[in-house]
Structure formats: structure tokens, C-alpha cells
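This structure is in C-alpha cells; I'll ask about it shortly.
Going by the order they are written in, the chains are A, B, C and D; count residues from 1 in each one.
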Amino acid sequence: MTDRALLSHLGLLAVLFAAHWLLPAYHHDAVAKVLVLSVYAMGYNIAFGYTGMLSLGHALFFAAGLYGAAMPLTLWGWTGGTALAAGLVAGTAMAAAVGLLALRTRGVSFMIVTLMFAQAFYLTILYLGRWTRGDEGIVIAQPLRQVAGFDLSNGATRYLAALLLFALALLLCLRLVRAPFGRVMVAMRENEERARMLGYNPFTVKLAALTLSGLYSGAAGAAYALMFGYAGASLAGVQYSILPMLWVLLGGAGTVAGPFLGCLLMFYLIDYASALTSATLLVVGVALVALVLFAPKGALGALRERLGKEGRIWLP
Amino acid sequence: MDFGPLLLLAILEGTVTAAVLALTAVGLSLTFGIMRVVNVAHGEFFMLGAVLAWFVSQWFPDAPLLAFLLAMVICPLVVAGVAVLADVLILKRLNYEPEATIVATIGLLYIFQQAALSFFGPNARPVAPPFNFRVQLPWFGYSGYKLFVILAAGVLLLLVWLLIARTKIGLVMRATQIDRTTARAFGINVDRVYAMTFGIGAGLAAIAAVLVVPIQQAHYLMGGDPLLLSFIVVILGGLGTLRGTLIAALLIGLLDGLLSTAFFFPPTFAKIMATLLVALVLVFRPEGLFGRRTA
Amino acid sequence: MASLTLLEARGLVRHFGGLKAVDGVDFDLAEGEIHALIGPNGAGKTTFVSLLSGRTPVQSGTIRFEGRDITRLPAHVRVRQGIAYTFQITQVFANLTVFDNVALAVQGRGASKRLARETRAALDRVGLGDRADDVAGTLSYGHQRLLEIAMGLALNPRLLILDEPTQGLAIGEIEAFKRLIEGLVPERTVLLIEHNMDVVMDLAHRITVLNFGQVLATGTPEAIRANAAVQAAYLGGQA
Amino acid sequence: MPPFRPPISGGRHERALVAMGAVMLRVSAIHAGYGPVQVLNGLTLEVSEGEVLCLMGRNGAGKTTLLRAIMGLIPLTGGEVMLDGEVISTLPAHEVPKRGVGLVPQGRRLFGDLTVAENLEVGLMTRGRGARVRDHVLTLFPRLRERLSQVSRTLSGGEQQMLAIARALCLEPKVLLLDEPTEGLQPSMIALIRDTVRDLKATGVATILIEQRVDVALSVADRIGFVSAGAVAEVAEAAALTATAPQFQTYVGV
């Protein structure tokens, strides 16, 4: 039996690979950014879409990856590869640490606790401006942005590197959600008490999922620093916790490819709006309200539901 | 200044902060307590009140007292109206499902904020105080308007308390808070109670903002701090308990006054500590510092 | 019937405010028996099995399972040790397929290789084999109850606790249910809360009657039927 | 009990002419449930002025769901409910009690943080009743008068049940719905509740009582309806039943 879900997602990757040669320069750069941010959104989706943890503090994990890579690179002269790894570890560790505390709560309290932790981290970045350069941010010079001999400041290299990271994240996510552990994550989302009475410890399951979510977020943050050469406090603010939620809701929470789709749509929607008005974030607000009212399952979620049994096969 | 006068000044400033914060936070506490709605857009109701107060002040540039009195009536009413619309058109249709409501109010936050940016512009604008006199204390003169703010907030909070504890409307609200299904079975129109509660909560934030604009300028991004501080106050006070909310507002306000006036403590550091403290309170004492522990 | 004691509870207490839901209960479960728990509404039956399964913490008293003290163990650990609980109000994962619902129970035992086979076996046992790919929420009420039982069985428990399993089932479904339960013993032990006296009298080897949070009587169906105190608890009047 | 059953009265004026025995509440073939789960399957019953209809049946048979459906708290998917000649099943939930349906919910569901007086006040507000009704209700339950300022959560179980009934009586209901009022109570308290229901009968209230205890049912009911699988399977005159009647075995399982 052919693995239709794998096929559909490999198809998406093939299209993105072909786009490397087809896209004009502006869109080539834009899609590279979308790919990196989609990894962040996929991380958010693991926590929210699959496991049901509504976090408002994911910017903390993203920023941990961002600064975890940018600071060693600029302050301590680490190489690109080690800095990337450091960012990844920072995001993961931060998620595990926050999870140990925040997962003692649930629902609305969990949301507020994660928001508070992220806010504290954001303020810390401002407070330690001597090293983090606060609002102004760290600009990483081109010579530092090398990983394993590849120059990530180069547009073409950057696109392919972003696609590689995205492909790894996408396939890992696909594998995860179809594995037994993915089933347990969904069980936590659907009915925690029932899952507990099947012998699963909700705390450890959710902690594992949140840590994994942190790994994705940290990887995206670290990659962002190296590829786009910038780490600033605005990327740690509450808006960067809300954006991945929006992307996931738009593309379809609990679908593997949804976060990418949502991120892509939203990126171009804001891009388009900025030509019309300075109040570009109005788009974010309207999109959020419209989504919860009219399309709570998002694009791919709605599609999957329409397709019924076929939908569950093609779009896990 | 010597320590004594400095301390007095810090307490005065802190009480002004506490008074405004208490009004704002009580609004948030009402919506959470009665509707179980976490209103992330609450700070924007505050901001809308402030921005509207500026518009009102422009109608009567030479009569700040008249403009102030008018704003005290118009702003909370308009903002409450906006809130009631938001409740009926959005929140009610979501069945007040917690996660959807949070996402929707985040959306509202951006909509209100960006609307203000479009109509009001990106600059901060001052509003003239309704009167200018200084009360001469032994060591320094102090703004009479700020003292008035404390008094006005106190009176308004007393009115809120009377409404909730002593009137039939309050009884209906409390019954709905405890058990909305049973409330319905006794003829209470829960939808109307919810719309009214959301309106009152938003109106309180707006009225706090009208009081504050002569001290602090109106700006389209000014909703963030009151939201965060109200959250802190409501959580520390125990979610949905009015008395706890008041105590916590006083505590946070005074602390803020002391930290920013009397001691040379970096305010960012104080904010970090306060934020972490609140997160830990929620983790280890979810019923708040002054809330009742329920079985 | 086996005479070894599988589970032993001593002096269990659980009060909610002023309500004495479980008030000093001693209880023994013999290995391989079908034991029914009956009593008027509000007698504390669900609270009592919640104490056994760990869903509700015990205020005082001890519970021993297979000789080990499990009083303080969290619920999910008790499930792993062989105490399965099925819910009174059907709580299947409504948005997952029937297969996934049962697979969740199977895979928790670490049976990764035989996951699909064991899942289908559990489904076949309750007669839901041909519904494996359906979304659980679309099943009829009776089928959801069966799915709930399949999930309990798939945990491969020593002790299966069923909370009002026949509630809402049609007459024909109840007959099938009885045959299913009879086939479980003596390899497993079954404790069921049940209001349908026909089911209780047909199935149970022993019956315990709770009233006001206390044990009113324990014995064979015949003995319980003849017990005056039990009659009084149900029919009212003075005992 | 009432041998004479006139046809349903058309309106207020007619009702004044018809004495005891007019049908007060008629439930016609209603279907209702929660989401995809159908609980009530064409349930039909009627209860007349001054009559006590007792409903018995196993857990899950649909008794509580029936009361929720009458109160408009869950939507009907079929059938209708008529109170005193008016269709009430199309009204919003909060309008139903205003027409005169008082509910004593299962588990009492008092407004626990409110005082006894405030709980009664909520009941009085439903139909705009005042001091006269309050006084009458407190005369029925003198224990509550002594505890008016006490927070209701702190009352004993029996007192809470009294308050739940008193709160419903503050509506001066035409129809009173009681959902297992004797659950978890001591015999003396059960006797008190039984007497209260009997007294109310004399005032012309139509009562639907859900009850698990056969003796209580037999001692207060005029008719007993046996509920099974979401419908009334059988209705019997209480006087014609004894505690050992086969219906109890079949439908209730004792």
C-alpha cells in the first residue's frame, strides 16, 4: 500500500524545491523566510494543534533559539554550526523548564503563565541591553553567518538551507503524528482524564510534547538569526507568540502542512496590506476573529473534514 | 528631598496608580468572574476611553472642565456600547468557549488598536486637566487633580460594590456567576446579563482612562500596561473576587509608587520580578493570594 | 471460585464538604469473581470506585492490590498495574477513529509489534471489528458503550471496573454484554456498579450494597435478595 | 385520583370555569438529546392541576433530560410542550419559568455563595412575586426563616433541599418539577418532603416528581409513570400498585 500522506507531503517539498529556480528574487527571499517561520509554526502546532496546549508564550522559545545562536556568535566568537546547535538547545531547554512549572496548570491559567514567562524573558532582553542590544537588536555581520562552509547570507544558499530545515521538520512531524506517541498527544487534547485512565501520565506526555515544540521553535529561531542576520527584542514580544497561533489556526490546527500554508497566506496578506495602510496589523485582528467565528478548523482542517476518510489518509 | 517627604510622595503617587488600576482591574475581574471570559482586549477598552477623551477635549478646547465632565459620561457609554456589540456579535456566537474567546479577544485587541492608529494617529496627545490647583503639603505642593482621581476612583468603586452587593441587578449577576443553567431555570436572561457585564467591565476601563489622560497622554499603544497590570492584580487577588482585586490593586499600586519614586530601582528589573512572581503564584497558588481555596 | 484476595480496602473515607460520600468502607475482592456494587443513588458507589481507581484521592484508609499498598499511587500508575476503569458517562475520544481509541489502550502496554493485531482482537471481542475506521463520535450510543468496554479490555487488566455499563443499552445489547462479561472470568476480576437488577442477579458471584457511604451488606445474590436491610434501603421505611 | 378529566382548557377564562383536574402540562411526543446522542424518543405525558405524577425508571432512561427539555434548557428535535394551553417549547429558556414552571433540580443546585434570603429573592424575581409569597413560603419552612442570612452552602443537606423547594415555590408555580428531592436524605427529612408535596397538591399545583424510592412514590403519587429508553412505557394509578408490583421490578429494578 502506498503511503499517500508521505506522497502528498513530498509533493509539497518538490514544489518548493522547483520554486527555487522559478521564483523572482523578492518572492524567493520571502518564501525562504516563510519556510523558517513555518518551522516555528510547526512547533507551535505540536503543542497547540495536536496536544491541545494553548500557549501565549512561544516567542520565549523562538527567542531563546534566536539569542542562543546570535549571542555566542557575536560575543564569544563561536562558529556558525555550534551557534546553531546552541540556539537549538536553548529553545529546547527553555521549553522543558517552562513546561515543568507551567504544566502544573491547564487551560486559561496555562495560557497566562506562559504569557507571563515570555513577558519576563522579553523584559530581561531589554534589561540586559548591554549584551542583547535591546530594542535595537544584534546585527550579525555576513562573515559570521557560515555553517559547514555554506554562506547563509547568500540568497540561493539560504533558500536551500531553509528548505532543508523545513523538509526535516515536516517529515519528522509527519512521522511523529502517525506514531503511537502522536496518538497519545491527540488523546491529551481530546480528553485528558480519559487518557489518564488508559495509563498515561498527562504531565509527562505534555512535557515531552512541549519540549519537542521548543526544539522546533528554537531551531527556527537559531536558523532565523543565521539566515537573516538579526536578533531583536521585537521578535521576543507577545506578538511573536500570537503570530504562530494565527498561522496554525489559519492553515489548520492539527494538520502537518497547515502551519506552512497559514504562514504563507498570512505573510502575503500582511505584505499586501502594508501597501494600503500603515495599520497592517488590522489584518491580524480581523483574521483571528473571522477564523474563530467562521473557520475554526482552518484551511486544511476544513478540507480534511470534507474529504472524510480520504482526508484522514492524505492529511494527518 | 529627605526620606520622609519622599516616602509620602511615593505613597501618594502609588495611591493614584492603585486607584486607576483598581477601576481597570475590577472591570476585568467582573468579566472573568461572571462570564468566565478572559478578555485580552480589556486594555484596548482602556485605550479607547483615553483616545475618546482626547476627541471630546477637542470639542471644547477652552473649557477643560466641561470637556472632562462630558468625557466622564460619553466615553464609558460609548466603550460599553462597543463591548456589548463585541459580546453579542462575537463572544456569544462562540458560546463563550474559553480558547475561542481568548483568540477572538486577541483579534479584537488588534482591531481596536489598529483602528485607533488609523483615526487617532501614532502620536501621544495630552488632555488638559479639568482644573489646576496644588494642595500645599508641609514639604511640597501636590496636584489637586491627582487627589481628585483617588477620590473619584474610590467613589466609583463604592458604586460598583453597591451595584453588585445591594441591587437586584447585582443579585442576578451573582446568581449567574454561580450557576448559569440554574439561573436560566429561574427566569434570568443569561445572554443579557453577559452583555451587560461585558459592557460594565469595558466601561470601567474607559472611565479609568478618562481619569488618567490628564496625567498620562493618550496613545494608541497605551493598552498594554493596564492589561498586564490588571491581569497581575486579578490573579494575585484571586480570579473573580472583588475584594481580593481591590487589595491586590492597592498593593501593586503602592509597590509601583515606592519602586519608581522612593528607591532608585531599575523599573524594568522590578517588572521582571513582578511578572515572574505572578506566574509562580498562578502555578503554586492558583486561587490567588487572597482568594478562597476551593475543594 | 478462586479464594485469593485480589484487592483489599480498609476503612476508606472520602467526604466532600459535609457530604460523607464514602464513610469507612471495608471491602474485599476475590480473584476471578464478578462482584456487583449496588445501592440507591447518592450512596457513594461512583466515589468508592473512584477511590479504588485513583481518580479521587483517599482521605483515610488503605487499599492493597495483589498484596501491594496502592493507596497513594496516581491513577495512571494503577492502570499500569492492572486496574482498568470504564466511565459511567461514555468518554470515548469522539474525534478519533474506533481503531485509534483502542490502540491507545493497547500501545500503553508497550506492545508495539502486535499493536494492530491486538487492537483488532479487542474490537472483535466486543463485536466492533467492522467499525474500526469509523470516527468514534459517529457511533450509536450502545456502540460507544461497547467501545468503552473494549478500551478497558485492551488494557489487559487484572481488575476491570465497570461503572453502570448497561446504562442506555437496548435489551438485546444487554444480553450480549452479559455473555461478554461472563467470558472474562476467572482470568480477570470484574467489579461493576449496576442498577439493572436482572443483570446483577444473573452475573454477580457476590454483591456489596452501599448506603449513605457505608457497606450495608455483602453476600451472594440470594442472600442479598433476602436481606431485610437492603429491601428497606431501596423500598424506604425503617430498616 | 381525579376521576373526571375534562379536555384541555383553551385559555385563562376557561380555566377559571374548570375546577381541579384540568390538564396543566402536556408533553407531546418530544425528542431531545445531547449532540448526536438521542435521549428522549417521543416521550408523551400530561399532568393536571392538583395532581402528583411520579416518574420512575433506571438511570439513563431520560428522566432528568425530560425536565431539562420542559425547562427549555436543551432544544427539542421534535414534539412540543404545552403549559396551560400555551406552547412553551418554542420559548427561550428564561421565559419558561416566567410562565410558572418551578424546578427543584437534582443535587439541589442552590446558589451556594448566596444567602438563604438571596436564593429566595432570585425565585421571587422570576415572576415578580413579593413579600406575601415569601412569607407564605417561609411559613411552610420555618427552619429557613431562622437562617435567612446564612450562606446557603453551609446549610445541612436537608435544609438545602428545603431551600431548593422553597426557592421553586417562590414562583407560585403552576407546575412544579422535583428531581430526586429525597436523594441522600435521612428518613425524617424524607418524610418532611413527602408531607410538603402532599400539602402542595391541595393548593392545585401540578407536580412531576422523579423518585427512586418506591415507598415515597406510592405514598404521594396519584399516578406513576415508568420511563424506559426515553419514553413513558407505562402509566399506572398509584392506588392500584403495591411495593411488590412487577412494574417496579421491570422498570426500576428493585
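Throughout what follows, a contact is a pair of C-beta atoms (placed from the backbone, for glycine too) under 8 Å apart; a residue touches a chain by one contact, two chains touch by 3 or more.
Quick caveat: nothing in here was measured; it's all calculated off a predicted structure.
A.B. asks: Of all chains present, which has the mean Cα position farthest from that of chain B?
C.D. replies: Farthest by centroid: C.
A.B. asks: Could you find the two chains linked by the most C-beta contact pairs?
C.D. replies: Comparing chain pairs, contacts are most numerous for A-B.
A.B. asks: Hey, how far is the Cα centre of chain C from the one of chain D, in Å?
C.D. replies: So the centre of chain C lies 33 Å away from the centre of chain D.
A.B. asks: With centres defined as the mean C-alpha position, give me the chain B-chain C separation in Å.
C.D. replies: The mean C-alpha positions of chain B and chain C differ by 51 Å.
A.B. asks: Roughly how far is chain B from chain D, centre to centre by C-alpha average, rounded to an integer in Å?
C.D. replies: 44
A.B. asks: Do you know which chain C residues sit against two or more other chains?
C.D. replies: Counting only residues that touch two or more other chains, chain C contributes 17.
A.B. asks: Provide the list of chain A residues touching at least two other chains, using ranges where the numbers run on.
C.D. replies: Residues of chain A never touch two or more of the other chains.
A.B. asks: Quick check: what residues of chain B touch more than one other chain, meaning two or more?
C.D. replies: none
A.B. asks: Tell me, which pairs of chains are in touch?
C.D. replies: Taking the chains two at a time, the touching pairs are A-B, A-C, B-D, C-D.
A.B. asks: Which residues of chain C touch chain A once you look at their complex with the stated criterion?
C.D. replies: Where chain C meets chain A, its residues are 53, 55, 74-77, 79-80, 84-85, 87, 91-97, 100, 103-105, 107-109, 112, 115, 133, 151, 155.
A.B. asks: Hey, which residues of chain B end up touching chain A in the complex?
C.D. replies: That would be residues 38, 90, 93-94, 98-100, 102-104, 106-115, 117-118, 122, 228, 231, 235, 266, 268-269, 271-272, 275-276, 278-280, 282-284, 286 of chain B.
A.B. asks: Which of the residues in chain A end up touching chain C in this complex?
C.D. replies: Touch list, chain A to chain C: 180, 183-184, 186-187, 190-191, 193-202, 309, 312.
A.B. asks: For chain A, which residues count as touching chain B in their complex?
C.D. replies: It comes out as residues 54, 101-102, 104-105, 107-109, 111-113, 116-117, 119-120, 123-124, 126-127, 242, 245, 249, 277-282, 284-293, 296.
A.B. asks: For a test of understanding, state which residues of chain D touch chain B in their complex under the given definition.
C.D. replies: 71, 73, 92-98, 103, 105, 109, 111-114, 118, 121-123, 125-127, 167, 171
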